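Just dropping this structure here.
Per-chain residue numbering starts at 1, and chain names A, B, C and D are given in the order in which the chains are listed.
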Amino acid sequence: MSGGNEGKMISGKTVAEHNTRESCWIIVHGKVYDVTEFLDDHPGGSKIILKYAGKDATEEYDPIHPPDAITTNLPPEKHLGAVDQSSVERVEVKITDAEKERLARVDARPPLSEILNLHDFEAIAKLVMTEKAWAYYSSAADDEITNRENHIAYHRIWFRPRIMRDVTRVDFTTKILGHDSSMPIYMTATALGKLGHPDGELNLTRAAAKHGVIQMIPTLASCSFDELVDGAKPGQVQFMQLYVNKDRAITKRIVQHAEERGVKGLFITVDAPQLGRREKDMRQKFDDEGANVQKGDASVDRNQGAARAISSFIDPGLSWKDLDWFKSITKMPIILKGVQCWEDAFIAYDQGCAGIVLSNHGGRQLDFARSGIEVLVEVVEKFKEKRGITFPRPGFEIFVDGGVRRATDVLKAVALGATAVGIGRPFLYAYSSYGPEGIDQALTILRDEFEMNMRLLGAPTIKDVVPDMVDARSISTHVVAVPGDRLYDSNYDSMQSATLKAAAKAKL
Amino acid sequence: MSGGNEGKMISGKTVAEHNTRESCWIIVHGKVYDVTEFLDDHPGGSKIILKYAGKDATEEYDPIHPPDAITTNLPPEKHLGAVDQSSVERVEVKITDAEKERLARVDARPPLSEILNLHDFEAIAKLVMTEKAWAYYSSAADDEITNRENHIAYHRIWFRPRIMRDVTRVDFTTKILGHDSSMPIYMTATALGKLGHPDGELNLTRAAAKHGVIQMIPTLASCSFDELVDGAKPGQVQFMQLYVNKDRAITKRIVQHAEERGVKGLFITVDAPQLGRREKDMRQKFDDEGANVQKGDASVDRNQGAARAISSFIDPGLSWKDLDWFKSITKMPIILKGVQCWEDAFIAYDQGCAGIVLSNHGGRQLDFARSGIEVLVEVVEKFKEKRGITFPRPGFEIFVDGGVRRATDVLKAVALGATAVGIGRPFLYAYSSYGPEGIDQALTILRDEFEMNMRLLGAPTIKDVVPDMVDARSISTHVVAVPGDRLYDSNYDSMQSATLKAAAKAKL
Amino acid sequence: MSGGNEGKMISGKTVAEHNTRESCWIIVHGKVYDVTEFLDDHPGGSKIILKYAGKDATEEYDPIHPPDAITTNLPPEKHLGAVDQSSVERVEVKITDAEKERLARVDARPPLSEILNLHDFEAIAKLVMTEKAWAYYSSAADDEITNRENHIAYHRIWFRPRIMRDVTRVDFTTKILGHDSSMPIYMTATALGKLGHPDGELNLTRAAAKHGVIQMIPTLASCSFDELVDGAKPGQVQFMQLYVNKDRAITKRIVQHAEERGVKGLFITVDAPQLGRREKDMRQKFDDEGANVQKGDASVDRNQGAARAISSFIDPGLSWKDLDWFKSITKMPIILKGVQCWEDAFIAYDQGCAGIVLSNHGGRQLDFARSGIEVLVEVVEKFKEKRGITFPRPGFEIFVDGGVRRATDVLKAVALGATAVGIGRPFLYAYSSYGPEGIDQALTILRDEFEMNMRLLGAPTIKDVVPDMVDARSISTHVVAVPGDRLYDSNYDSMQSATLKAAAKAKL
Amino acid sequence: MSGGNEGKMISGKTVAEHNTRESCWIIVHGKVYDVTEFLDDHPGGSKIILKYAGKDATEEYDPIHPPDAITTNLPPEKHLGAVDQSSVERVEVKITDAEKERLARVDARPPLSEILNLHDFEAIAKLVMTEKAWAYYSSAADDEITNRENHIAYHRIWFRPRIMRDVTRVDFTTKILGHDSSMPIYMTATALGKLGHPDGELNLTRAAAKHGVIQMIPTLASCSFDELVDGAKPGQVQFMQLYVNKDRAITKRIVQHAEERGVKGLFITVDAPQLGRREKDMRQKFDDEGANVQKGDASVDRNQGAARAISSFIDPGLSWKDLDWFKSITKMPIILKGVQCWEDAFIAYDQGCAGIVLSNHGGRQLDFARSGIEVLVEVVEKFKEKRGITFPRPGFEIFVDGGVRRATDVLKAVALGATAVGIGRPFLYAYSSYGPEGIDQALTILRDEFEMNMRLLGAPTIKDVVPDMVDARSISTHVVAVPGDRLYDSNYDSMQSATLKAAAKAKL
């Protein structure tokens, strides 16, 4: 996989001379690469590379690329050889005051025993992650309406619990595509896992093993695909998320490699022909780079470039007629991730997919796309009405992701017909705030919540979590309050409770 | 009820030597107990007991246990004898600054005449109760959505008052299970009454007598059952709330004892096969114990342990087939407390229950359970539709609890078919803030509100409070506003009223 | 009307000796009264009278009583005679700091030309009125839900304006009970008008004359009935609002006197068999009196007493069968004020009333009563459905009051079938903030708003304001948002707009 | 176009003598005008002119009048001649502190590359525009409810995107009245463009040319009509917005001149028989003029006068029967701008209009008028139901304007049947904050958003954006939340997330 210059040794001084847009060499993990021609194709823009022209870029490179990204993307002849490390001038890393404060916050994290729910991980992650990482993970499309809708849509669904049922033992194990899962959830694919923790997605692989849940390996992981498969325990089930490449040969190679390595399900992302603009993330980058960015300079190109670059890798031409080809290259069950209306659910069903994920990509793609849980109600209803089919249903499984924070959220989806629910950000926040213990604790919390809430629902097993247990009639009501009457409101004197005696109050 | 060592006298010094997990003695009310083997079974965790190992724990014990809790739970041989009080080293109680401030707030309470409604008691209670007590009383499950829904659901019901009716005299007395009540309310069961006031639930017993309302005695009262029955006036009606024990012999003993002592109704809690997690309460405990709690230490066990311990007492296996057994051991009318959908209401009716309480346990069990008042509308509607039965109806009475703060709330429930409404927290807050005078005043306020509002409704008697008097069509609408457009909102310049002249304003 | 002691002259010293509960004399407008036996019957409680025992109470008396209140309520023998003013010790009025600040705010009022709408008067009134007056005018029942609902219910109604209609001239004159009105509004009855301005309701009488609108004279005016009739211009139409007295002879005298004096319509209040508790008002009184009020003292009695006292004057026994009697004692058209559902509207219609006012007493009586505008939609719908009758309709006119702040509010009611809309508080605030010029300006603003908005609606005359011009489908939707997810919300990082450069921003 | 005194030269001193209401001369662009008789007809009131009596008013005049306004409105004999500039005393312009701060803010604008969306322009414009300009642009009618509703109505519409469609190329060009447009938007007419930038509406003309979109020239532009036509590129399509003058001869001249100059569509404003009151704008003027404005003085007249003056120019008598006349004087397609219900849409269709704009004038006319997007749903539905006609439809095109900030908003309107959407304020804010580069960037942003979002919708062309792609069922739901329970809310203790250790937190 490496080039033909493996044996060659280059001095740091030589590298340092290639520090311009015209000739740009960088060092990554002790190897020297000529990236001059790659500058304009870099998904992250040329500017960030030029910052390290002639220097060691490893520290910047690691959290956002799998180890093999550079060797995969550069032709072998651009792999110039090894660098003589002793001759490389160390880039002095200045720890800013902001970073010092962040590190102090890391030290001040509360003990893990005080983390009571998934929200708590997010609260701590927000305080202890780097701004860049937080912005990347938390940001979403446009005004982030869909992003928040994903969560609050669950609040429009209420329970109708049953009583007087023997719930001495509750069992929330289930089957996902025929494989055991200890709970009706799975770890959905999310990108750039090392931004939050040096072990990246491996944190998830290991916790998945321990807790008996299934991880979906992302195309854009920080760890390489093989690292994540190698990290699994014998027999541990993993799925794979796929961005389809314009170059179908690459896609074929990836898919068949995954199948060979034992991956049990292929989740093809269909909601991202072009990656969304996430303004919070973009704004963070401006902050990062100071105020000296001017109109027309590289930063603009870079931002436009990110979209363009990724468009040139992800195929916006992917269409229904590609499905047969996929079936011809793999025996893995194929699931479409990002279905958003019943019409497309029907096509997927008719074309022999093994399932669909009702998802809007965590609100990161089309703003005002509906939440997965809302689409679930529509899809299940239409399948019943037009095909007489009910869910959950082996052979064609429906998954949902986005906005989940509590086991009750998951149980609502299950009651409405979902096989399982994908959880993404909460797990990132769990290991970003507390490392491996964090993700372990997150899964423990969920397990406890499942046990408690299935008891309270009167459902001893997942099969007992049925449609009658929820009232979802308000799910499609998208209400925006009439704009307030500001003058009336400012005139209204709010009611006041009884309070302490004035004199005493002043003294207290 | 005490052990065989009654006559024995033990020195404080001897007790003080048993101050470890391996041998742990404590003093309660002048008696010495060996609790070593009980440590792991203590519902409140071992840590809190170990804090008093070898010492006098009475002050900590009293507010959260009925006097006979220790003798009931420990085998007689662990009752070691009396302690020589003079030799007990007094545990010096340090009054913290926070406690001093709290006591100053107690002194600064406004006169009771300034308490105008039930909200006011809560406002004062929040200021004058200990943090622990406030956290225990006020906390609820998960995100406390159901807890707040219980109150605001009443805001979706509006009145259709009638005019030109002679309301010179209004009579809001009613019958509850055939017994007189001066108002269509009762005091529902709540646990650990001494946290708010040293007399605990006796405050309620006495006020109930004075005001002619019925008290439901809780299984988890701080006062013992017999204290509360002894505290009643001759002829005073009391009900009993029951958590069913796995050991049916214990349950049988409790139920039959209650019947012998004259209790008039048995309310079996059916919404708590496992006690809910109340995170606000849990978080308060962390605060209480400082920041030195680490992962894996006793505090974690304790919290998990509380659930487990109580699970081993409350029977999660309770089911419909147990009903016949209950009917075989008592003649008291049986009412199921915690019914949450019409299907279960029908079963209760068909199995000969005397009534049901539509309740979600004050929002302390399953979050996103619907409010009792919402379930009431559904239950009454279905009974009418499927059975042709209307409510209120002697022989099968429907009660509601949760979220009530005004007589208007109660009148809405009555109009919709409820016989009476249970009130819990507001009465706790009333006596926690002002002692016996507080609960007396709370009932006086309610009485005044009933008189006023029945006049304004045009209803001279409770029978005249009919379904047509309310518009409850919005009751099942669970609306969540579409997430706000933060950028648009921050750009909007709010309207401003006319205001004082600038110069003058600056001077003022 | 005065007693038999008119000629008698009493010294201030003698009066000053009667300064106890056992013998309590007071001076009002230079006359001495023995109020000892009246103390317990005083609607405002005994305490406030006792404050002036043996002293001159005129200044306190005036704003809250019509001049003849004392002579009407005390038997002639208690009118002891005139006082020798020179011998009366002047009660020194201390101007508090708060009062000084209030007077400074009065001086700082913006010029009237800056008052652009009715909200503005309220904003200024809130700043310049005494706290007591503001509390009395602005307060409402219980949690003031209905009070605010009255306004916002109008926000659920939207316009469907018509275009391309000749609106060169717009004419918004109309007929109310057959009498000309320059706009489809009238001044509804409100109590204690002198709290806001020494001329009290006379301000309204005069402005009504100038602007060609109709005033409804309140039973509980600060000015006497005759003062308000005498204050009218020749031909000026006035209505009368009536609280029915238990003593029908008094009511008969009042009604027939009104008819003799030329009053054109009798509006009988039917929504107040007992006057509502207004807690904001009650709380203000506690503030006023300091913290030395204790449980069981006079203040409690006074508050309870106010309700009782007024109950003993207003007849809670008023019922439909009284209507014939009213028709027998007067030829004035009879309108019921406070109808709140279609059933009662039908009875009023069938019993020959001339109209109804759909009102909840400004939210001051039954909280959660629906707004008049909501009831209007129901009433009009039912009349059409069950009787085939449409509105507006001479012979049976429907009025609405409560919550109006804009001409658009009024036009919505007119479109839905109301003949006219009553406006209360806004006019009080207008003269309380700016005296007679204020109320004049308020009516000018409304006139301008009517002209503008009828043009924009495409309605040249009031007849052209038709049901199709509004969409009121949401009127009965009483929505309460699901309680917020506080943890999720606190974790959400709000979107941020572009902003100034950091360095520059710091400098600015 | 100038008067007969062109050659005459007048000294500044002579002009300065005519500085009273009785004889008022002013200088504009080096010419002297006698405006004495015009004072009372000035739409902006006499006061502002009198401020410049005898002086050079050019600087004040320019931003709010087209260059030819004065020559058009004054008879030739009032054009007195040229002024000898050397003899004119310069009016010293004092730069206030507020203005200095504003200029500093202008300098501190972030680079244009940090402007990510249309909201951002508004955020910056609010900071860098003069208060007067901001108030004029941003203000709306009454309580500005409709103004804000225009935006949030879009939030009640959600997408149903399609997947697996080849969106390699997306094409969002369209035809508007048969003319090419690069996007389904146009620049709608807005008044007084120079308030924001000295080039006024020319900024829009030039950017429209560059980006291939169509500009609608406003009647009340700051630039003259001919300037804006002259500013266009050869072949550039422009429309014209028309306020119809009472004097039809003037209207005829304007319309025929426009047609001669190549204007391609005549948009007749039908929602403004009288210009709305915009209180925020009015209030800003008071601030501007200090607190010395008293009741009854010129400012009141001016404000009333503005409405009157403009009423005397715009014809409130415009009606359907005028349409034939318009068709007789021009061949341009006629579109009615300001249609607000289906009934009027039908009339426009039946009378041969080429289209309609569903608009409420940016919320500046009738408050509580519904948003254009809501009316669109109604109109399209009714056309389908009653006429069997669907949209978009050449021959009768439907446009919408108001509240648009994102390409997604536009795509919702297009999906529902609109041909294109008018954008007004956002473009004003774009050039007011950044001049020509600003409006260029605004259009670039929109183009990028269209590309992205059409891909994500699965719509390769505008024709593929169909009704099934949106869920607009909530569009007519005008919800106002029940007023909050302030006492309950203040008692509720909000949930708190896990947080940093107290000690550490204090230190940080």
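The rule is short, and it goes like this: a contact is a pair of C-beta atoms (placed from the backbone, for glycine too) under 8 Å apart; a residue touches a chain by one contact, two chains touch by 3 or more.
These are the chains along with the protein names UniProt gives them: A, B, C, D = L-lactate dehydrogenase (cytochrome).
Owing to the predicted nature of the structure, the values given are computational and were not obtained by experimental measurement.
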Same or different residue numbers at the subunit B/subunit C copy interface, by half rule: different
Pair in A-B, A-C or B-D that repeats A-D, with over half of contact pairs matching by residue number: A-B
Between subunit C and subunit A, distance of the C-alpha-averaged centres to the nearest whole Å: 60
Distance from the mean Cα position of subunit D to that of subunit C, given in whole angstrom: 42
Multi-chain contact residues (two or more partners), subunit A: 110, 114, 116-117, 119-120, 122-123, 143-145, 148, 152, 155-156, 279, 283, 291, 477-482, 485-488, 490-491, 495, 497-498, 501
Partner subunit D, residues of subunit B touching it in the complex: 117, 119-120, 122-123, 126, 134, 138, 143-144, 148, 151-152, 155-156, 279-280, 283, 291, 405, 479, 481-482, 485, 487-488, 490-493, 495-496, 498, 501-503
Complex contact set, residues of subunit C against subunit B: 101, 104-105, 107-110, 114-116, 119-120, 122-124, 127, 142-143, 145, 270-274, 276-277, 279, 282-283, 286, 291, 293-297, 299-300, 304, 307, 315-320, 322-323, 336, 338-341, 343-344, 347, 365-370, 476-483, 485-488, 494-495, 497
Of all residues in subunit B, those that touch subunit C in their complex: 110-114, 116-117, 143-145, 147-149, 152-153, 155-168, 406, 408, 412, 437, 448-449, 451-453, 455-457, 468, 471, 473-474, 477-481, 486-487, 490-491, 497-501, 503-505, 507-508
